[in-house]
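Please find one structure pasted underneath; my questions will follow.
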Amino acid sequence: MGLSKNVSTFIGFDNEYDESNIVVFGSPFDGTTSFRPGTRFASSVMRGESYGLETYSPYLDMDLEDKAIFDAGDLELPFGNTEKVLRKINKFSKKILKDKKIPLMIGGEHLVSLPQVEAVYEKYKDIYVIHFDAHTDLRDEYMGETLSHASVMRRIWDFVGDNRIYQFGIRSGEKFEFNWAKEHTYLNKFNFNGLKEAVEKIKDKPVYITIDLDVLDPSVFPGTGTPEPGGVFFNDIMDAIKTMKGLNIVGADIVELSPHYDQSGVSNAVACKVLRELSLII
Amino acid sequence: MGLSKNVSTFIGFDNEYDESNIVVFGSPFDGTTSFRPGTRFASSVMRGESYGLETYSPYLDMDLEDKAIFDAGDLELPFGNTEKVLRKINKFSKKILKDKKIPLMIGGEHLVSLPQVEAVYEKYKDIYVIHFDAHTDLRDEYMGETLSHASVMRRIWDFVGDNRIYQFGIRSGEKFEFNWAKEHTYLNKFNFNGLKEAVEKIKDKPVYITIDLDVLDPSVFPGTGTPEPGGVFFNDIMDAIKTMKGLNIVGADIVELSPHYDQSGVSNAVACKVLRELSLII
Amino acid sequence: MGLSKNVSTFIGFDNEYDESNIVVFGSPFDGTTSFRPGTRFASSVMRGESYGLETYSPYLDMDLEDKAIFDAGDLELPFGNTEKVLRKINKFSKKILKDKKIPLMIGGEHLVSLPQVEAVYEKYKDIYVIHFDAHTDLRDEYMGETLSHASVMRRIWDFVGDNRIYQFGIRSGEKFEFNWAKEHTYLNKFNFNGLKEAVEKIKDKPVYITIDLDVLDPSVFPGTGTPEPGGVFFNDIMDAIKTMKGLNIVGADIVELSPHYDQSGVSNAVACKVLRELSLII
Amino acid sequence: MGLSKNVSTFIGFDNEYDESNIVVFGSPFDGTTSFRPGTRFASSVMRGESYGLETYSPYLDMDLEDKAIFDAGDLELPFGNTEKVLRKINKFSKKILKDKKIPLMIGGEHLVSLPQVEAVYEKYKDIYVIHFDAHTDLRDEYMGETLSHASVMRRIWDFVGDNRIYQFGIRSGEKFEFNWAKEHTYLNKFNFNGLKEAVEKIKDKPVYITIDLDVLDPSVFPGTGTPEPGGVFFNDIMDAIKTMKGLNIVGADIVELSPHYDQSGVSNAVACKVLRELSLII
Amino acid sequence: MGLSKNVSTFIGFDNEYDESNIVVFGSPFDGTTSFRPGTRFASSVMRGESYGLETYSPYLDMDLEDKAIFDAGDLELPFGNTEKVLRKINKFSKKILKDKKIPLMIGGEHLVSLPQVEAVYEKYKDIYVIHFDAHTDLRDEYMGETLSHASVMRRIWDFVGDNRIYQFGIRSGEKFEFNWAKEHTYLNKFNFNGLKEAVEKIKDKPVYITIDLDVLDPSVFPGTGTPEPGGVFFNDIMDAIKTMKGLNIVGADIVELSPHYDQSGVSNAVACKVLRELSLII
Amino acid sequence: MGLSKNVSTFIGFDNEYDESNIVVFGSPFDGTTSFRPGTRFASSVMRGESYGLETYSPYLDMDLEDKAIFDAGDLELPFGNTEKVLRKINKFSKKILKDKKIPLMIGGEHLVSLPQVEAVYEKYKDIYVIHFDAHTDLRDEYMGETLSHASVMRRIWDFVGDNRIYQFGIRSGEKFEFNWAKEHTYLNKFNFNGLKEAVEKIKDKPVYITIDLDVLDPSVFPGTGTPEPGGVFFNDIMDAIKTMKGLNIVGADIVELSPHYDQSGVSNAVACKVLRELSLII
């Protein structure tokens, strides 16, 4: 009898596509990163490093083995052509949604959230977005470009509109971004205060969660392009995930792990654990 | 007049064997490490790096210069033969105990605790074990092996029995391990709550302390084989040590520093300071 | 039309000398460092890395663009001749003070504070010094040398005298240093308790602030010569800076970033943000 | 239509088992490594990094796309039990040979060659072994252990016997090992002189090739457990492989890449290219 | 008297624009890099590290102090928009050429050569290009993109045409690229053989030199995106530069230093020295 | 029976002082280093890493076990006071010489050679110095300091005088240094040509050998303060040592290993092997 080919998935994400209700995939794109690139390596590194994890979460008392999750591997994305990349992600997210599954994307830089939120929005016009990040990401353009990691939440606002985006942990941005946010999003500086109230308010709505891992303090998560001191700790994000349990999550992503900037491997472990917990509450 | 040979000890552990009541030694073994090996380098690195420390502790207002501690260097352990290694450690711990001194071992991986606790148990049948760790270490076997870093507390339970092991800071393990613990050990998840009560309860008993340094959050201590985000901070372990002052400590170890995974040297500094404080309360 | 030469300054410190009231400069000296050298690289690395920052501070709701700060680059300091180095720094600080500007120095090791505080003291005899550090720095000599990073606060005490130095975050030193401090300085162990009261007390006096960045926990700031676990977190120092807003600051420095010991770049980001906040309150 | 699971193979090794005549697999074992462990990570890292390679070799003017190679992934090997590991490898190599395919193993440490050469020897009693290495590996035991990376060629000699082993590039060992070799193997110090003659002599025989990558100079290949300065350069090993083209190779391995010790990734690239070239001449 | 702003140039490139005949500038772009990004940091890192160099070359017995070279700093290039980046570089190169100076660009990835060669070609239609590289760079497209680092020499061929490009050191590419080269360029595999003859042949023509530093063996130059073992050594490139002395060089670049992938700093030193020597022969 | 204290020596240097004829010691000083400091760590790192070596040299067919070498450990040197450091080294070298032993020093930066050569010169006025280095080290002063690593050979020339210093491998310096050398030393650029003739000429004289390890190419030896591409390879220095066998060596040193700049550990291995070979020919 022959042997079968070597399969590589994130730990516990070992179901077949058809039997799964969550589909995980990687979008290895970092083309608009302005400071230190390298988030393209995140998803493949996370698959390998996830075997340092257990499938059981003592935080949630839940186990990945009780979930049905499929890992589709990484999209093949061209280099140097931002628009084509976004179209490809959008198309893939749509296929997942059409198959009545929930897309859970691993970035890549934050701009990859845009095409997936667009795909989700097409299906759920009353979507709410919960956004964890160190940065506002609300610029209308960055160095002349409107498609930029620094503009991603502004581009999402373009179609979801006012009061649909909840921002937490924000601690860096231009002054005008903070001012703009006052009228268009719910922006919470520095920490996750107000998350419980937000969850209460939107508990009956379809929700998209986007976690830019640089919301974590760089002591916890150094492996990212633009480390911003002053962030939240690991247990804060564990608490946040527990708080969001029960929401009607219709799509999600975690972005901005840049593994080469943390040679201790700790950032990889953090990203893997956040992904485990996040996928357990979907 | 001739010169004498170059002696290398941990800072302040510069007494002669006969005049000392604590004997420090290294067990450079990492043969059952399942993820990232390298704890074999811990003890020799710590000796060198300890010279960045002071002998005085402002936490305890005590000074190593007022203690009588001997540093025996590292055991010579063969590679690839787990049982022989454990026998060698056991024999050495026994010698120290027979000479009416307290053995304080630097790992190596966590499995090295087993032969030393066995030696101590032989002398003190009513021993209690205080165990700081990120991991349960309670599997009956790991990939078919019963002698494994992932089974060390289970092996110790084999002889100390029920309700003799206090576990703190645990945040990773299989579901069945957490369940098993409910009936056999005192397991405290995530933090050090309950330590004070435990200390109160066993203050007249002989106590063994085993500190797996990965109980610390990887932001504080990245230099370890299996970093587990969500751990305690440095001041938590300082407080724990202060809390344990006054116990009848008859043996101890600190394990799982893997220096090559933290090139900033911070993990070495953390391990050295924990060792200083621990040796001050013995 | 020709092009002008490539100018390199810290972000937002782009004013001309004559129109500025704060002058930033680097003193790349680490000649008395006893453990791991390399702080000589701090100021030039910080200039480059500062472009990962925004000029706007959401902590203080202030913007560097509203300040008038000049970046003079680095002093050229000889190697191996401590006294000549100190004279050169002293002379430069004096020039800035004479031009009625406030000197803000980037070290270098902590000894570089000495000649600048001397220059400031010459102008303001009633100066108070607020000192953030992991170490007492109060030895009268270190290995026979009186000019040492380990003696810098003692040397400053030589001329400012008793009860003029407030020390915060201290967690390492010889026993006799802690004892000496009881009669000569205000030393606060481990944290920033008591800062508010100190600020209240000296709010009408000229104040010099010296921030040894190793006051931060090494999880936050690993890139330093002598990492001392048990320090304060980033938000603690942000709070401290906010607390000191309104003081009459007549000189300041931040010292002891050693960039090569943190290859994640996080320590650089921390140092840059502390410098931004510090310069905003002057 | 559903999606299929994410497959991970070395570049170009994408054939099905049944249609392939070479079977590549990893043996992630480093349990007897005496200095710096970590070769367990080699095979999985090489799969990921191989995508920096082309399938075409300008050295041989051959292309992996014209070969039929299957990548079986890694064996699951227990930790801390050397004998069980060797049995598992032996069994797997035998299966491949029984299916009339050629086993090409990626270590792991050098001891993993032993069980595979045993399997090959069982089928081809007149086997010759070509051995590239910095080290003699001819000790009868190491620290009391007869199963050790430092004894692997001696153990192989136990069954293949005198004058069946050609050793090249050797530059480190005990004096008695070099002396022993004079009567039992063909040992060539420092370089590959004599390879052409050896190839000529055994060109009609079944040949096993074992490449300990530390035969390369550490400037070329720093990512190994025991770097030995004074080795051959990359083009030397390319030439050696070309020289061996046409031999009747019935089994092979490359061992001793320890990826974490070379954070530039260069050693990974070297190992991948050697594997590509080696697989092209089989 | 006031102080002037901090100027930062490559060592010895300290002339004013108008008095210089060579203009150095950086193009920090790595947007089409397919493997490991990071060449965007090369030019600014090289300015800082160049102070480890002397201005005098014992290879050429020439001194930068006898040359008139201006360092314009780095172009500000947007992220994620390849075409706009190329236009900006092209415009800047044209300005330099119009001012009758020679442009010497520091990449960035290899694609940045395209717009500068276009600018030079516009002025010198009979241009010849000498190309040092590990890679053919002759693909017509890469993952659907015609503007790619893997296509740069093909794009240059589009306008300079057949037999105008000399390629040296090539050791990686698709088979069809090597075949294509046979009819369109002079491609020399692995080394610099044939350079002397080429120089002889085009000594009266305008010549553009593009040095992709990955032509060097990764042992010499690990700090690059796609390390290709089997390259030339440092002295080979020193000899090549000496050989090209006397050519009518009308433009040049060195590209593909990715400093973060070599934390020893050696690659930076290599790049700086190649730039010094190259600028000395222009 | 008690245990004895933990002794730490370089491998094979385990004789008692009185029975040895060579005395090895470390001078951990890097106070005048102008670029990247850190050579202070060399000697202690080398002791630990030397256990990756064998005591037998296949290059020389000699074994450290047949030599009588004592390792005195490191001198305790103050920080920031160059003159005091030099006096301390000088005094120690003199003691060794007075006891009729040969001093073999491990730096530290190159300036540490000065006091030892002075000590040797006092005993052997007709001393010759063989100097391996990338740098001329012939400046009369550096930034105003006459005691500098960049001036060490000039300071030695001050007392040994003309035509007593043979320099090999030199590839960096100011133009005037190369010119000055023409009349005062035998300077051989780039390589070791001429060494055989020099050895022939001075074979009856007392000889001091100083090896600045940066004479090696940085591909071989990246762990140094000022890497200079274009150096010799490892086998060149092995050959050089063999060539010098038979000389009347009355003192020697190896300097400028800076271990933190090479995290692969290869530079440590190189330094250890050079020290082993050098000590074998004394």
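Should a chain be cited, it is by its letter among A, B, C, D, E and F, assigned in written order, with residues numbered from 1 in that chain.
The rule we apply is simple: contacts are C-beta pairs under 8 Å (C-beta built on N, C-alpha and C of every residue); 3 or more make two chains touch, one makes a residue touch a chain.
Quick caveat, the model's predicted, so the values are computed rather than measured.
One rotation lays the C-alpha atoms of chain C on chain D, and its angle is 180 degrees to the nearest 5. In a homomeric contact, the two copies may use the same or different surfaces; for chain E and chain F, under half of the interface residue numbers are shared, pointing to different surfaces. Ranking every chain by how far its Cα centroid lies from the centroid of chain F, the top place goes to A. One simple way to say how far apart two chains are is to compare their mean CA positions; for chain A and chain C this gives 38 Å. Chain B and chain E have CA centres that are 55 Å apart. Contact of a single residue of chain D with at least two other chains is seen at positions 36, 217, 219, 261, 263.
Screening every pair of chains for touch gives A-B, A-C, A-D, A-E, B-C, B-D, B-F, C-E, C-F, D-E, D-F, E-F.
Touching chain F in their complex are the following residues of chain B: 2-9, 14, 16-18, 23, 44, 47-48, 70-74, 263. Listed in rising order, the residues of chain F touching chain D in the complex are 51-54, 56, 58-59, 63, 217, 219-220, 233-235, 238, 263-266, 269-270, 273.
Within the complex formed with chain E, the residues of chain F that make contact are 35-36, 170-175, 178, 189-190, 217-219, 222-223, 226-230, 261-263. Touching chain A in their complex are the following residues of chain E: 30-34, 36-38, 40, 76, 78-82, 84, 111, 142-145, 147-148, 260-261.
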